[in-house]
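Here is the structure we will look at.
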Amino acid sequence: MLSIRDPVHGFIRADPLEAALIASRPFQRLRFIHQLGFTFLVFPGAEHSRFSHALGAMHLAGRVYDALCGTGDGLLPPGSSAPERRLVRAAALLHDLGHAPFSHSAEELFEESLDHEEMTRRLIALPEIERAFARHGDGFEPADVIRLHAGSHDPRATPSRRLLAHVISGELDVDKMDYLLRDGLYCGVRYGSYDLERLLDTMLPLEDPASGDWGIGVEEGGVHALEALVMARYYMFTQVYFNVTGKALELHFNAWLEENGCRWAADPERFLAEDDVSTWTTMRRSPSPHARAVVAREHFPLAFETREHLSREEKDRFEELLPGLRDRFGGGNLLLSNSAKDPHRMGKSRSRVLVRRFDGSLEPMERASQFIRHLARIDRYRVYTPAPLREAVAAALRERWTPPG
Amino acid sequence: MLSIRDPVHGFIRADPLEAALIASRPFQRLRFIHQLGFTFLVFPGAEHSRFSHALGAMHLAGRVYDALCGTGDGLLPPGSSAPERRLVRAAALLHDLGHAPFSHSAEELFEESLDHEEMTRRLIALPEIERAFARHGDGFEPADVIRLHAGSHDPRATPSRRLLAHVISGELDVDKMDYLLRDGLYCGVRYGSYDLERLLDTMLPLEDPASGDWGIGVEEGGVHALEALVMARYYMFTQVYFNVTGKALELHFNAWLEENGCRWAADPERFLAEDDVSTWTTMRRSPSPHARAVVAREHFPLAFETREHLSREEKDRFEELLPGLRDRFGGGNLLLSNSAKDPHRMGKSRSRVLVRRFDGSLEPMERASQFIRHLARIDRYRVYTPAPLREAVAAALRERWTPPG
Amino acid sequence: MLSIRDPVHGFIRADPLEAALIASRPFQRLRFIHQLGFTFLVFPGAEHSRFSHALGAMHLAGRVYDALCGTGDGLLPPGSSAPERRLVRAAALLHDLGHAPFSHSAEELFEESLDHEEMTRRLIALPEIERAFARHGDGFEPADVIRLHAGSHDPRATPSRRLLAHVISGELDVDKMDYLLRDGLYCGVRYGSYDLERLLDTMLPLEDPASGDWGIGVEEGGVHALEALVMARYYMFTQVYFNVTGKALELHFNAWLEENGCRWAADPERFLAEDDVSTWTTMRRSPSPHARAVVAREHFPLAFETREHLSREEKDRFEELLPGLRDRFGGGNLLLSNSAKDPHRMGKSRSRVLVRRFDGSLEPMERASQFIRHLARIDRYRVYTPAPLREAVAAALRERWTPPG
Amino acid sequence: MLSIRDPVHGFIRADPLEAALIASRPFQRLRFIHQLGFTFLVFPGAEHSRFSHALGAMHLAGRVYDALCGTGDGLLPPGSSAPERRLVRAAALLHDLGHAPFSHSAEELFEESLDHEEMTRRLIALPEIERAFARHGDGFEPADVIRLHAGSHDPRATPSRRLLAHVISGELDVDKMDYLLRDGLYCGVRYGSYDLERLLDTMLPLEDPASGDWGIGVEEGGVHALEALVMARYYMFTQVYFNVTGKALELHFNAWLEENGCRWAADPERFLAEDDVSTWTTMRRSPSPHARAVVAREHFPLAFETREHLSREEKDRFEELLPGLRDRFGGGNLLLSNSAKDPHRMGKSRSRVLVRRFDGSLEPMERASQFIRHLARIDRYRVYTPAPLREAVAAALRERWTPPG
């Protein structure tokens, strides 16, 4: 067993399959993808890469598996080398392979309009990943991982596979369980903290009577741990991921890529050479003001921001202001961000987190917790502009924009 | 006040002078110098740069200043904006400017045989640093920082300046106070931990009766905190800084630089462009096997290592074996490291750490602590060689090398 | 300076006045008053007494003082020996002197219908406290402490004294700042945790434009720390202080005291002899089933509980059921608890916690935080009864009690 | 499963046998035995009882069992309900039953010269413990626990039982693994901390080639965790357990018991009524100055203490001074303590802790660790005397006692 030190989880072990996957080029590339894009320019501690996050997600996948099978409904066979456990760990390890340079910063800009999930699939299909499975996979193959990544939507999947799909991507998945703790630690904030041990302790597989689907639920005694997780995520988004300066750098980065027509390679072999080091090196040499805005942190200042929780109607109203603004100040002088996140529709999956009450009845977490129930969707616009225009843009927006009474 | 989040110290504040220094190019360059060189390839969490270490050292310089002036002997005036306090913080902030790419990994390879201290001085003398002091320095100038870095050896320095020089570089300086906590946290090991609060609480300025020099001492009640610091350093060296794989990568890195005759620029303007990103980019493109050994982690395996605590006599005896070994296997096939550190002759300074006993008498920490007294000097050789030669080299060394009875 | 180790705050220092107060009989008596009454029979770690809580409150009073005067509006003079700082520390140290055995468990049962605040005043008026002030108080006398305890209602109090009164008792006082951390630690739960350093860092004195009164407010950047404190308190009440078993033990304890007509002495000298040791000793020897219910933990089981957040109308409706229930099962067979707490009308004080927004405007914390705004008042009834009656009582209540739609 | 919150270990689970044992009178009595005797009068946080320590020891016994059987030599069958695992947990739970009031403070003063181990056996033999085993013990009986407590000396014991005996009492037993963490936490000191997870991770059963006995050993990678444990114990003894004031209170306590001819009951039923509450109540009422010295903390001050590490020869020499001292000042005016502990002959067991080196060879921890090797035995005398005699006693001892050159 390979044994790796980790700031969040202490020791992370890897069996021979996992060690071979870690040693592969697609995985080693993650060392050079900042987990939080340009956030390290705002929170200096956040210099960590996707590499250790992926290790942490694998580690947690094993722990969640053990928690779910310890509850004894027989869906998942126990034991540290149970095949399904190995599969879900491998899937967690590889879940982020396809991230573009600087992670989410410019994740839309793939050739062929790919997304990072599709790139992940292409990288998993590379011969070297195939060889690792052939040699150490005990019958599993890359396609099993890809199917698990595809989620619980596969109607042919067994109940246990559909349950495991939620471990990788769902309301309570190992991705966010790891990144909240890890990003909080590296940023030096306390927002990301929640009681991991308690959460694992109270997790269990639950069948949703509404959908018939199996998902990850929580016992009533764990509602506070669940609340803490949801709120940790909420705080991390408002304070760190949607940080006002970080967003400015991201906008310039996208503008620079766009002005050069840059796209992340769709071919996996070419994609392997694209990482933060190569991108930063190119940006450093670029004469573009947008590149310089990032590299020398000479970004547009904020001219205006809306409140944090816009309604649908307010959003429409705000967007109607934009054409006039662009006409007056010039589209190139306005960088616009829309930061939006629904705090408790956590994953893409439509499935709900259920709470099993002491009397055995089930209810969705939004009913079980008054905190979660009242959490408002984050949705905010920000407008950045060159310093000389700042006052004029701000005044123009203040004049036209009436926040709700 | 600029306020910066930090994983180790929580919040770090910077006044306008400090903020201007942080914004300067020499300081921003530190974002791209890994604090621990290639260690991140062994301990994945160790992706942190010199940037936050330098901030942490500045923060601790203020705390040590407050601790020392709180003991009331009048050497240092109290108050958070006392000029001497500002000076020692600025000196701590800038103490690492001159580090070469990958920090200590190849720190000998400067043009003109400079060392990183000299490069630090050259960078501090740049006009942009000068301007920051002129604008916000309240009378201080870069030369004051340089003199403080020069240490306590300046015979014209006042007692308070000599005391402050120990804060920057000495047996109990803010450099190691910060790096032990920081490196331990990022590596995910517990070795680096010691009781910082207790140590600050029991620190005091003491005049060494032997030398007449002022230094940083500790009250008897703080001996355990001091022991913990010394042992933390000992463990970090044996387990992390002298890690067997990390050393191999360093040897290949030096071999690659040597074979190309690369030297770090002596000119500060050119030096500003040399960092880990530029160096890694060059190494990636290099066809040299030594470059590939680092980039693809295909390094020579360890063939042999001596025990951890060689005596002078053993070292001589080991070195006598080397010519024969090189003759037989070829010098290019042998990479040799000598990892050495004296655990409680901590800084370059010759001054001692004194402990003030409850009865007011003074004794050196080596006498006050049985742990520190018995700590042996770390001194070990390791020989790395290509895998096909490994067994033969190991056998040759086992045969010739007799460890002491 | 006396230096005392503390699990929560590390080191607590006491000057000669504080040391003399700590050594007095009324303060030493607190060693034998469990901080959380009978909670140690449910959470075994909670064996701590009011003694260290009072030390912790004193320590925090100094820290809050420093935080408030560091913001520089000149209300409070800085310096670790400022007279007002010494006063507020002494007031915090002595704020809990008058607690009856087992703290809040039977705090209504004083002779002369005293409450524990009045007993605190009587103990502070004892000659030994007077002597401590006369000797070390630098002009302060016990009456100053008593006036500070009396709160901000004294119309003759200066603005600074009214501000300091909030440090002792108010929405953001040192009592709850300490007990949340301390009780959470000893109980082994994480609920009580909040970011103390951040809260101190963002505290400031604010004048409420509505009332003209000075109070403790928080900068916008500290809203999350404030939210965490409010939620910590909410969780501690629902999970620990209103624990179902702890409440049962308290009801039996009160029933035992009532059946014997026991009352806590109104005379302070006699009161000094009444603590948990003397009370437990008497209870042990008592043949009363209520005493045995506590001592041998043979308490009535829970028969019924309402939901956690009753409305006023529901409460009235529930209370109307009680006479019929008592008629049918016998009043002695029913123990009724009503656990109620308003989570963010935190102290008795009517003053509000204001948040100073980045633009300088003020708003109450209930507006600044969606979490705090939506926190519902805790208000719940529980009925305990002997085991043989449990089912019948439960059925009778289920039948008559309709929870709201 | 009963689930209990614990400040040190988070959650502790108890199965039906364990829950029945916890509910028994001998175990509940431990709630009223202070874990550290009178230490709470010096370190106010140390108000914890043997009750939670015993729960913690049980919890750790399970974890150590899992660590030892995870190494796969087949001595111990895996599984959370393996019979041997249940046995060693029960033995850990009950290992401290026989402690006299205030724990070690006056542990010599049993009727019939019993010791607390013998009293533990008598309590385990009580019918209520027998009944718990009969009902839930799955074939185990109290005698199995008693045999395990008896240690590894039983020549008829199987290798696995001899190994388990070391879990209860040995160089690396759960007693000290728990008390170091627990006492450190409650006292508010950091001395007791060591890396529990790393230690468990590197533990393994090893057969000592010298004795043929099985014991608990450590892999080479865990030497630092082992060192930290040994040093934690060393610090806790020098700073807490042998605290100068705590020792004074203990001496008065013993003197008070002796002057009244008090002995702890040899009959287990009578012994059940003897705890800290009953003893403190008696002491409070006693007119004896020794009782008052404890209750009102009016103890003799320290007149003299030797250095911490006396040699055998020095001890003899010191003891020769005592008759003359008693003649001159009166035996009743002198309270003498001898605090002695060998820091790495940790348990009573003669067996050694072995370290398994990377190459598979074994060596005793004293050889593997330079820190442990050099730890000196603690052995110190202290003399306390009434304040008026203090100077004279101190002078007499200083004059006659020459510390070694």
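Just so it is clear, A, B, C and D label the chains in written order, and each chain counts residues from 1 on its own.
Going forward, a contact is a pair of C-beta atoms (placed from the backbone, for glycine too) under 8 Å apart; a residue touches a chain by one contact, two chains touch by 3 or more.
Everything numeric in this text was worked out from a predicted model, so none of it was measured.
The chains that touch subunit A as well as subunit B are C, D. Counting C-beta pairs in contact across B-C and across A-C gives the higher total for A-C. Our note on geometry: subunit B versus subunit C, Cα centroid distance of 49 Å, whole angstroms. Inter-chain spacing, taken between the CA centroids of subunit C and subunit D, is 36 Å.
One inter-chain figure worth recording: subunit A and subunit C are separated by 42 Å, centre to centre, where each centre is the mean of the chain's CA atoms. Within subunit B, contacts with two or more other chains are made by residues 10, 198. Contacts from subunit A toward subunit B in the complex involve residues 4-8, 10, 28, 31, 40-41, 43-45, 47-49, 51-52, 55, 185-189, 277-278, 280-281, 284, 297. Considering their complex, residues 190-191, 195, 198, 224, 231, 235, 239, 370-371, 373-376 of subunit D touch subunit B. Across the interface of their complex, subunit B is touched by residues 10-11, 197-198, 201 of subunit C.
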